[in-house]
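Letters are used for the chains, namely A, B and C, taken in the order the chains are written, and counting of residues starts over at 1 for each.
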Amino acid sequence: MTAASRDWESLARRSTRMRRINAGLLVGFLVIVSIPVLLPFFWVVVISFSARTGGVESLVLWKACSILVSAVFIYGAVHLAEKSVRRRLIAAGILIALSALGLFLTVGGDLHLQNYRFLVNPNLVEELRGAATAGGQFPWVWIAFINSLFVAATSTLFKVTVATLSGYYLSRFAFRGRSSFLQGLLILEVFHPWMLTIPIFLVIFWIGLLNNLAGPILVLTVLDLPFFIFIMKGFFDAVPWDMEMSAMTDGATRRQAFRLVVLPHVWAGIIAISVLGFIKGWEEYVFVTALRTGNSYWVMSTYLYYVADDVMGVDYGMVAAVSVFYMAPSLILYLFLQRHLTQLTFGGIKG
Amino acid sequence: MARIELDGVTKRWGETVAVDDVTTQLENGEFVAILGPSGCGKSTTLFLLAGIYAPTAGTIRFDGMRINEVEPKDRNVGIVFQSYALYPNMTVMQNILFPLRFKSVERDDAHRQAQEIAALVQIESLLERRPGQLSGGQQQRVALARALIKRPNLLLLDEPLSNLDAILRLSMRTEIRRIQRELGVTTILVTHDQVEATTMADRIICMNGGRIEQIDTAENLYRKPNTTFVASFVGSPPINLIHGSVKDSRFVAGDRRLLLTGLSEAAHVSMGFRPERVIAAEDGMPAKITTIEPMGREILYGAESPLGFLRFLEAAPMPRFSLGEEVRLRTELEDALFFDQGNGKRIDNVSLNEFS
Amino acid sequence: MISAQGQRQVTNALVFLGPACAFLLVLLVFPIIVDLAVAFTDMEQTVIATELTTEQFRKLVKPNEEALLGFELRGSFYRALAKTAVFVFFTLTIFNVTFALILALTTTALPDWLGGTFRAIWLLPRMSPSVVYALLWIWVVDPTERGLLNQVLINVFGMEPVNLILHQPMAIIVVANGFIGASIGMLILTSTIRSIPEHLFHAARVDGAGSLSIIRHIVLPALRWPLSYITVFQALALMVSFEYIFLIMGPARSTMTMAMLAYTKTLAPQIGSGQYAYGAAITLILIVIGTALALLLYRLTNMKTLLTNPKIEVQ
C-alpha cells in the first residue's frame, strides 16, 4: 500500500507546526479585538486611583498598560513553548511578581485613594460643586447605594419567584389553553418594556406609583419575564419525570414534590436568572427617570449620572471612582457566578 | 492495510490514567477485539489509534513508522462510532462521499466508489435519505460505508453493535466479519460484550483499569485466563471463585480442605472452576438452593455451600430443584484454576486431590 | 372527589401561574392596549385626552413644509426612520451576528479556560451598569487630546486627533451597542456549538476535514436556526433600544432613531416635553413592526418540544 511509503515524519511535523500557528493566530486575533473592550474599563480604574484634581493623568495608564500587556504576551510565548504545567505556573508566578514590582516602581508613587473620599464624606459632592451649579441636594453615596440594592434585590426576588412558579407549572401541568398560553408568551417575548416606556408610564401614573421606588421594581419584574419563564421551563423540562413520579408514589402531593424533589434540581437556573435579574436591577436608569422615581429617591445610576454631569470638568478622578464603586458589585457578582450563566440553554430555539 | 504497533502507550488526564503502558501488535489484515468493562480504557485506546487523542507516553507505529503526532486526517483510518456520528445535514450519499472531498478524487470516480461501497454494505436504495430517516441498523451500515470508502489502513469499530436490538446484532456480526474478510482490512473492534468479541475476532485483547490483562484467542481466555479478572469477566455464567488459604499443603476454604501440591505455605489463593464443573450428586457436600435463573436451554442455580456461593447448571425445561431445597453438590476439579489473591495472577503447576 | 380535584386544579393554577399572569397583563399586555388607544388621542403634558384624532399620525407622515415637493427626508420622523434602519442594519450585521459568530467559533476552538476568559471580557460591557458604560464611551471619544481614542491615535499611531461626535456619531453608537450586542449571540452560539455531539467532530477529523471544512460542514449547519433567531430577535432589540444612545449622545439630532424620538418627545429627563400621544403613535409603529417580527420568530421556534404534553395527570 502507498501508505507505507508516506513520509509520516514530515506530516507530523507539518501538522504540529500548523496547530501552533493556528492557535497563535487565534489568540492573537482575540487579544487584538478584545483590547478595545477591556482598555476603557482598565482606564477608568487607573484614573480612579491616580488622577489628581484638575486633570487626567494618562501617563500612568500607558506605563501600567505597557507593563501588563508585555507580561501577558511573554506568558503567552512561555505557555506555547513550555508543556509542563509546573513550569508554566512558575513562569506565571515570576511574571506576576515582576510586573507587580514594575508597577510599584513606575506608577506606585502616583496611586492614592483620595478620589474615593466620597465614600466617607457625606457632603463631598456639594462641597466640590460649590456654587458652580444649582439643583437638588446630593445625598451621601450610601443612600443611593442602599436604594439601588433595594430595587435590585426586590425586583430579582419577584422576578425569580414568578418565573420559577410559572416555569414549573408550564413544564409539568396539563391544563386547558396551555399551548395557547405558551404561544402567547412567545409573542410577548418580543415586547420589551423599552418599547412600551410611554404606556407603562401612563399605567403606573394611573395606579399612582410615580415618584416611588415601587414603579421601577414592578417594571423590572416584567422586564424579560417571558424569557426568564422559558429559561426556567427549560430547566424544569430537564428534570426527569421519574423523580417526580416516584416522589408521588411515595406519598407526596404535587406541591410537596415540587418543593422537595424538583426545586433542588433547578438551583443552577435560579442562580443564573438571579444574577441576570440583579445586574439589570442594579443598573436601571431608564425607568427610574421615566417613572419620576429620581425626583424623590436617589439610586446609583442617577447619582453617577448627575455626578458626571456636575463634577466632570472639575474632578475626573472622583467621577471615575464613583464609576468603579458603582460597577464593582455587578462585576464581582458576575465573575463569581459566571459559571452558572454559561450553562443557560436558550429554550425553544430549533435544534 | 497496515501493521500496527503500540509500545508502552499511556494516556493520562491530570491524575486519571485512562490507558496504562499498553504494548501490543496487530498483523496486517487481522481482526482484533478489545474487550473490557466500561471505563477500562478500550475506547481511549481506539481514539489514540485514530489520532483523536495524543498519547502521554509511548509510541504508536503504523508499518514501523512512528505516527504519534500525525493528525487523524493524515492517518487514513476509518472509524465507526457507537453513536454512528453521521452528519445530520447531509444525505446518505453525501455522508459516504465526505471523506473523498479531502482527497483528489474525480467526481465521477468518487460516485462510482460510493456506489460500490453502498452495494457492499447493502444500502443502495437509501442513498438519497437523511440520517434522521434511517433505522439504527441502516445508520450503522452507512457509518461503515463512510469508514470504508477511503480504503483505510486500519478500521476502528467503537461498540458498533451496542445500540442495535438483539436480532439485528446477530446479523450485523456476521455481516461485518464478511465485509472485513472481503476487504482484508486490519480491524479493531471495541466491545464490552464477550459474545461479540469471541464470535468476530481472531484475537482478543482483554483490558481492565487501563491495562492489558491478556491477549489471546477466545478459547484460551476461557480455558487459561491469566488473571482472576479475565476468569470472572469471560464466560457466562461467570466462574465460581472460592477464596481460601494454604495450610499444611492443603487449600482451606470454610471448613473444607483440599490436598494439593505446588502452592507455597500460608499463601492466600483463590480457586476458580466453571459452573459446568459442579454437579448435583448424592455423594457431594450439602448445599441449599438460593437462586434459580432459567436461561432457555439451561437453568442456572445458585447455592450456599460450605465453600461459599456456587453456581451450577442443569438442563431445562423443568427445574429439578426449588428455592430453599437442600441438595448435595460435587465439584470436579481436574481443570480448576488457582490465582494469587495478592496480584490476581494465575498460579500454574498445581496438582490436587479431592476435598475432605 | 371530582370537585376536590377541580378545586385543587384552580388553586394550583392561581398559585403557580397567577403572579406571572398578573404582572404580564398589567405591565405588558395592558400597556399595549393603552398605547393603541392613546396614539389616537391628543394627550399631552396634562395626561388628559380630550378628543379622538388621527392628528398624531398626520404629524408623523407630514413632510417638512420647507422641503420642495416633500421629497427631502427632513421631517424628523422620516429622518428617524432612516437613522433607525442604518443603526439596526450595521450594528446587527457587523456585531450582533457576524462578530458573535466569530467570537463563538474562535473561543470554542481554544482550551476552555482561555476561550472562557475571552468570552468573559466580551460580556463585561453587558454586565456593567449602563451609565458607567456610557460614561466610558464619552471619555473614549472625547474630542480633546484627553480622550482615550485620541491618546491612542496620537501616541501609538502618530495621527491627528479626531472628533467622532461631530463627524461619525452613528459609528459611535453602532460600536457602543455592538460591543454589548455581540455577547448574547456569542453565548447562544457557544452553547449550540457545545451541544454538537463530540463524535461528529471526531468523525470529521478522521475523515480528513481541516478546521475550515469542519466549520463549514459540521458547525454552520447546526447554527442555522440559532443564527436566524438571533438575527430576528436582536434586530428587534436594537430597534427599540435607546438607553445607550441617549446616555452617550444625548438628544443629538445625528443619532435620533425612532425609539429615541419617542423618548425625547415624552419622558427623557429634563428635555422630555410630554407629548404622550405623539410618542404613543411612534410606539404603535414599533409595536406593529415588533408583531411582524414576532410572527417570524414563531416559525423559528421548535413548537413541538415547547408544547410537549406533561406526563403526570394528578393535580
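Assume contacts are C-beta pairs under 8 Å (C-beta built on N, C-alpha and C of every residue); 3 or more make two chains touch, one makes a residue touch a chain.
The structure presented is a predicted model; accordingly, all values stated were derived computationally and were not measured.
Chemist: Based on the touch definition given at the start, go ahead and assign the chain network to line, ring, star, complete or other.
Modeler: Complete.
Chemist: Of the pairs A-C and A-B, which shows more C-beta pairs in contact?
Modeler: Output for the comparison: A-C.
Chemist: Give, as an integer number of Å, the spacing between the C-alpha centres of chain C and chain B.
Modeler: 56
Chemist: For chain A and chain C, let me know how many angstrom lie between their CA-based centres, rounded off.
Modeler: 17
Chemist: I'd like to verify one number: the distance from the centre of chain A to the centre of chain B, where each centre is the average of its C-alpha atoms, in whole angstrom.
Modeler: 51
Chemist: Out of chain A, which residues touch more than one other chain, so two or more?
Modeler: Where chain A is concerned, no single residue meets two or more other chains.
Chemist: Indicate the residues of chain B shared as contacts by at least two other chains.
Modeler: 71
Chemist: Okay, in this complex, where on chain A does chain C touch?
Modeler: 22-23, 26-27, 29-30, 34, 36-41, 43-44, 55-56, 58, 62, 158, 161-163, 165-166, 168-175, 178-179, 182-183, 185-203, 205, 218-219, 221-222, 225-226, 229, 237, 241, 244-245, 248, 254-255, 279, 282-283, 285-286, 289-290, 294, 300-301, 304-305, 308, 319, 323, 326-327, 330-331, 334-335, 338, 341-342, 344-351
Chemist: What does chain A use to touch chain B in their complex?
Modeler: 1, 3-4, 6, 8-9, 11-13, 15-16
Chemist: For chain C, which residues are in contact with chain B within the complex?
Modeler: Its residues touching chain B are 197, 199-200, 202-210, 213, 217-218, 221-222.
Chemist: Within the complex, which stretch of chain B touches chain A?
Modeler: Per the touch definition, chain B meets chain A at residues 1-2, 62-63, 65-71, 74, 76, 153.
Chemist: Which residues of chain B touch chain C in the complex?
Modeler: It is residues 47, 50-52, 71-73, 75, 77-79, 81-83, 85, 87-90, 98-99, 101-103, 146, 150 of chain B that touch chain C.
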